[in-house]
Amino acid sequence: MTLEIKEMSKAYGGLTVVDRVSITMEDADIIGVIGPNGAGKSTLFSLVTGFLDGNGGDVVLDGKPLGNASAVERAQAGMVRTFQVPREFAHMTVRENLMAAAPGQGGENLITTFFRPASVARQEKEIAGKVEETIRFLKLGVVADTPAGRLSGGQKKLLELGRALMTGAKLIMLDEPFAGVNPVLIEELSQKIRELNARGIGFLIIEHDLGALSKLVSKLYVMDRGKLIASGEPAAVLSDAAVREAYIGGGAN
Amino acid sequence: MDAYLIAIAIVSGIYLLLALGLNLQFGLTGLINFGHVGFFCVGAYTSAILSTNGVPVAWSLLAAALVGMLAAWPLGVISIRLREDYFAIASLGFSEIVRLVATSEGWLTNGVQGIAGIPRIFSGVTGQSQAIAMLAIVTVFCVLAILAMRRIVRSPFGRMIEAIRDNEEAVKSLGKDPAGFKMQVLLLGSMLAGLSGALYAHYIGYISPDQFIPFITFQIWMAIIMGGVGRISGTVAGVIILMVFLEGSRFLRDIAPFIPEVAMASIRLGAIGLALMLFTIYRPQGLMGDYTKR
Amino acid sequence: MNLTRRQTLASLAALAGSGLMPSLTFAQDAGTFRIGALNPITGAGGPYGTGMQKMIAAAAEVVNAAGGAAGRMFEVFAEDTQTQPQAAVLAAKKLIEVNKVQAVLGTWSSGVSLAVLPLASEANIPLFHCSGAPALSVAPANEKKLGYRFQATNDRFGRAFAEIATKEGFKRPATMAFNNASGIGNTEGFEKAWKAKGGEIVASVVYEPAQPSYRAELQKILDAKPDVIVMGSYIADTTIILREWYQTGEENTFIMPAWAGNPELVKALGPDVVEGIISVDSISNEGSPAFAAFDAAYQSAVGHPGLTNVYAAMTWDMVTVLALAMEAAGPGADMAAINAKIREVANPDGKQVSSFAEGKEALKSGPINYEGASSVLDFDEFGDVTPDFAASFIRSGEIKREYVVTL
Amino acid sequence: MTGFAELLLSGVMSGLIIGLAGLAVTLVFGIARFSNAATGDTMTLGAYGALLGTTLTGSLIFGGLVGLLAGALAAVLSYVLVFRQLANRSPISSLLASIGLAFFVRAGLGLAFGHNQSVFQLDIVRPIRFLDLRIQPNDLKFAAIALVTLVIVFIILHMTPIGRRMRAVADNPLLARVSGIAPRPVMFTLWAMAGAVSAIAGIILGMKTVVSPEMGWDMLLPAFAAAVLGGIGHPVGAIVGGLVIGVAQELATPFVGFTYKIAVSFIVLLLVLLVRPRGMFGRVEGVR
């Protein structure tokens, strides 16, 4: 799935938070977006995924401009995001979280719930099977029946990734997947992303942790104060003077 | 004493139907409906108008449930996508409009005079057995509604609405539109409210617009919040607490005659207010506990 | 700090228990007669309910002090209808089933009375009420003829308004009604009677309560240049409307029911604004000993003149009439016997009496006719009273009755 | 034509009261991020405070100040005792608690003052005639008070350090979400301001109408509508919103009749939410 972000912009009153940012992404690629706090990365994510209305710009997915498509429609088109602060369904178990993410469930309306219980049960069984696979893949078996609200930060990030996988997304956008995650798990998470990428799923990743990210991505974009200030191969970008200035001057962690 | 207890049980059942609908909407889905009494009103009037015009009560009950549900449709279309507290205000306004219509459209509702002489259910029997028959009918509806709720909670639909309650944005990010689910929940809850209203009309025998004030809605809110949101057992417990509380205060007067009745009424209102505050602050999960799955 | 479920349950159970305990300790005593005072303490009837309830208690004390009704002492159980039918139904069931009351007195608002009357009838006990709706007179509501109305019907009030408007020579009346059964009942009764006389209504408005201003409503009325505005209103809205009316500088007159045009209104607005208002009331026998007794009791219990609460005068009468009927029926009479005596002790052709003690004494020598504090109290076949009406004019801040209208 | 102008005038007066109530709603919403259903009963409290103050001192102005302080104090207390505890929870918790608070306050006032109406003893005078228009001297005073209130709120928000901090909290949703940690003086000032504004609305309403325990609750829906119409969190917007609703209610009466008049505020509210959810002046995000 190819993604083209064209001249995305967002302003609050006089303050431009995202200023004509353009990013292109090939099918099944892994791209990183970095930048100091307040650079507008998360806002850009929200714009691309339709969680915020922008002031100009467009997103083209597989050659089709998305225009005013809603967040739901964008997700249905195969582009699924995670959140910087994980948004697990806190009162539901990990298994239920994953079940809920499966697309096209016939049982998700009241008519079938009451009048076609047999077909619903059949589909539930199918979905449960896929959920087991996902749990195994993400090694979440120990906590499968724990309410998601009680998971650790890293486990929640894994769960969000799992939910995105359950939707059958072709392009997954991860918002700071490594933040607050211990180094061992970061390595494991990176490994999973590579494996998934090998199966044809593209990733667009926002990150602070340059070390882990630069090993993962094929291309890095750097944002500062709403603007793209650099892009290219990770190594080249990281040695760029403007980037170093933005990071050190911007007081990154 | 018996008849009084039966009366309380009937009213409790009527409240329970309301509370189950609200629990589905708020407890399970996170939809803040402050206009529940509006659909209760629609149901009461539908059944009262039909049955006083010769339609058999069985049909008028059915019609009340359907019309109650249909009345929720325009509210849903207009405001289901609004942020939660905006929907709350919109629904509150909606119930007030319903009351105004009942007040003003005299050709349909007999206006401020109200509708008197609404036939009882099972008009063939009288006295105590009439009350028992009424209680039986109300109980049957409550049991059916509880069974329906249990099925919903255990279904993929139930999973989805609980996901919406826990995090609506995350649901959207998975490509599922919360609005559709909320709409269904609104309609089903309103259907129960409509049915409840019809039972109320046939039980009390007389309805007028000023019986359908927002305070009724907030009593039900108090019930589900005290009992425990999102749990069916909590809803039942909450309604029992509400009734003990509303009716118990009458008896309090008998043991504490130094409290003037006029103060009692204010105390009742104040206690509902206090309970709402204290429970939201100190026991947000309600009496029956957290709805987290164990 | 979150309470555990056990803590919460325990404290609630304690509360609930303390509330329910006493219900198990009731016994019937042949020496007492239990009456239920079912009044609108809160809700729309709030301004009157407390006074009504206090007068039931006060009148019961008077009866008890005179040795009780046919030897039985009154015991009063008070409840609040909250001016809501549903709350009233439960309150009535509690009074009837738990407190075992043998009469329910003092419901107010037609909605409440319509809901309670069937319950009282089912239990074969009488309901004395102060509601105006015509439906309360007849079947199905009053099938067993146990409902007695101490208040003139809304319709009768309207007819009295029309008589007064004719007598005062008004040509261009307009009406304003509070949007409820009583408010509209008054103005509709007026319109019907006025049109029957060949008159014309220049404008009419029905308004919703609780608004910051009624100027638009007034505007519509005043644009028609009425010489009198007939009100079906209550005290709060009347206060606001009159203030705004005065501030428009118009000069027309008002005819309104006495529960709006009362001393409290004069106090709220001052004598200038209310000058010339015609306040219409079913006759409270202000000169009569019954009213004086009520007034004294009301003054001492509530601290306002008895005139400010016509319904309290009615509840006073309710207790007295009930006691007299019991006295007339003799010791140990059942409810049917007592019910049969109600008209006998209240209607004409008998020695006029104005208190329980007086009536009790007179009953020994022949029939009596209780002349109440609220009206002369003569019940027709439906249990309705048709009192005479007084037209009182407010002049220099004083409400003075000028003449009496007989329908 | 005169009739129209008079309707307009009466709409403006109602609108100012609705607008002030809306201002209190909008202030709380802008910073504490929830719809405060206790606003109406804070109004009632203010009116009773003023009534008590007037009776005790014999001066309307002093009485008004007492009412204002009562409203401010009650609001600050409600923050300390209730809403601060709920600052980190969802706005729904605060909304529910505010309904509880509203009932509690109303019950308390009913206990303290009874259910009979009370009135402010204002001089009732015949109107000033201006271009055939009848203008009430008292109305002019009320309008002046309302405008002065708005100006003071504006000055506090825009010209004082604490006001700037308040606006900073209001402007940044992220910061507002954690407003539990917002500096205490900011929240105290906010609640005192909201309480005082409610009280002023209540006092004016009480002076124009009558004072009873139920009076404030009935103003809640129009107040919410005004706040939403003006753009939630926008003080000037709330007043303008109130004016629009007040005027719309009066001018609509020839078409919808008087009984549906009070539905107008709700219809306006729905239309705004449908067509322009951010209100007349408000920011874009956050409604849907």
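By written order: A, B, C and D. Residues from 1 in each chain.
Operating definition for what follows: a residue touches a chain if its C-beta (ideal position, glycine included) is under 8 Å from a C-beta of that chain, and two chains touch if they have at least 3 such contacts.
To keep track of the chains, here are their UniProt names: A = ABC transporter ATP-binding protein; B, D = Branched-chain amino acid ABC transporter permease; C = ABC transporter substrate-binding protein.
Note that the structure is a prediction, hence the values are computed from the model and not measured.
**Q** Starting at subunit B, how many touching-chain steps does it take at least to reach subunit C?
**A** Tracing touching chains, the least step count from subunit B to subunit C comes to 1.
**Q** Based on the averaged CA atom positions, which chain is farthest from subunit D?
**A** Farthest by centroid: A.
**Q** Can you check how far apart subunit A and subunit D are, centre to centre, with Cα atoms defining each centre and the answer in Å?
**A** A distance of 43 Å separates the two centres.
**Q** How far is the middle of subunit A from the middle of subunit B, if each middle is the mean of its Cα atoms, in Å?
**A** Chain centroid spacing, subunit A to subunit B, equals 41 Å.
**Q** As a quick test, compute the distance in whole Å between the mean CA positions of subunit C and subunit D.
**A** 37
**Q** Just the number, please: Cα centre separation of subunit B and subunit D in whole Å.
**A** 30
**Q** Taking each residue of subunit B in turn, which ones touch at least two of the other chains?
**A** 100, 103-104, 262, 265-266, 269, 284
**Q** Can you pull out the residues of subunit D that are in contact with at least two other chains?
**A** Residues 110, 114-115, 259, 262 of subunit D touch two or more partner chains.
**Q** Within the complex, which stretch of subunit A touches subunit B?
**A** The contact residues of subunit A facing subunit B are 49, 51, 70-76, 80-83, 87-93, 96-97, 99-101, 103, 105, 107-110, 112-114, 117, 120, 123-124, 147, 149, 163-164, 166-167.
**Q** So in the complex, which bits of subunit C are touching subunit B?
**A** 1-3, 5, 8-9, 12, 15-16, 18-23, 39, 41-42, 44, 49-50, 53, 77-80, 82-87, 89-91, 93-94, 96-98, 110-111, 114-115, 118, 122, 133, 135, 140-141, 179-181, 183-184, 208
**Q** Would you pull the subunit B residues touching subunit A in the complex into a rising list?
**A** 148, 151-152, 155-160, 162-163, 165-167, 169-177, 180-181, 184, 188, 230, 290-294
**Q** Help me check something: in the complex, which residues belonging to subunit B touch subunit D?
**A** Against subunit D, subunit B makes touches at 30, 32, 78-79, 81-86, 88-90, 92-94, 96-97, 100, 103-104, 218, 221, 225, 262-263, 265-278, 280-281, 284.
**Q** Which part of subunit C faces subunit D closely enough to touch in the complex?
**A** 42, 46-47, 50, 179, 205-208, 210-213, 215-217, 219-220, 223, 235-236, 239-240, 243, 246-249, 264, 267-270, 272-273
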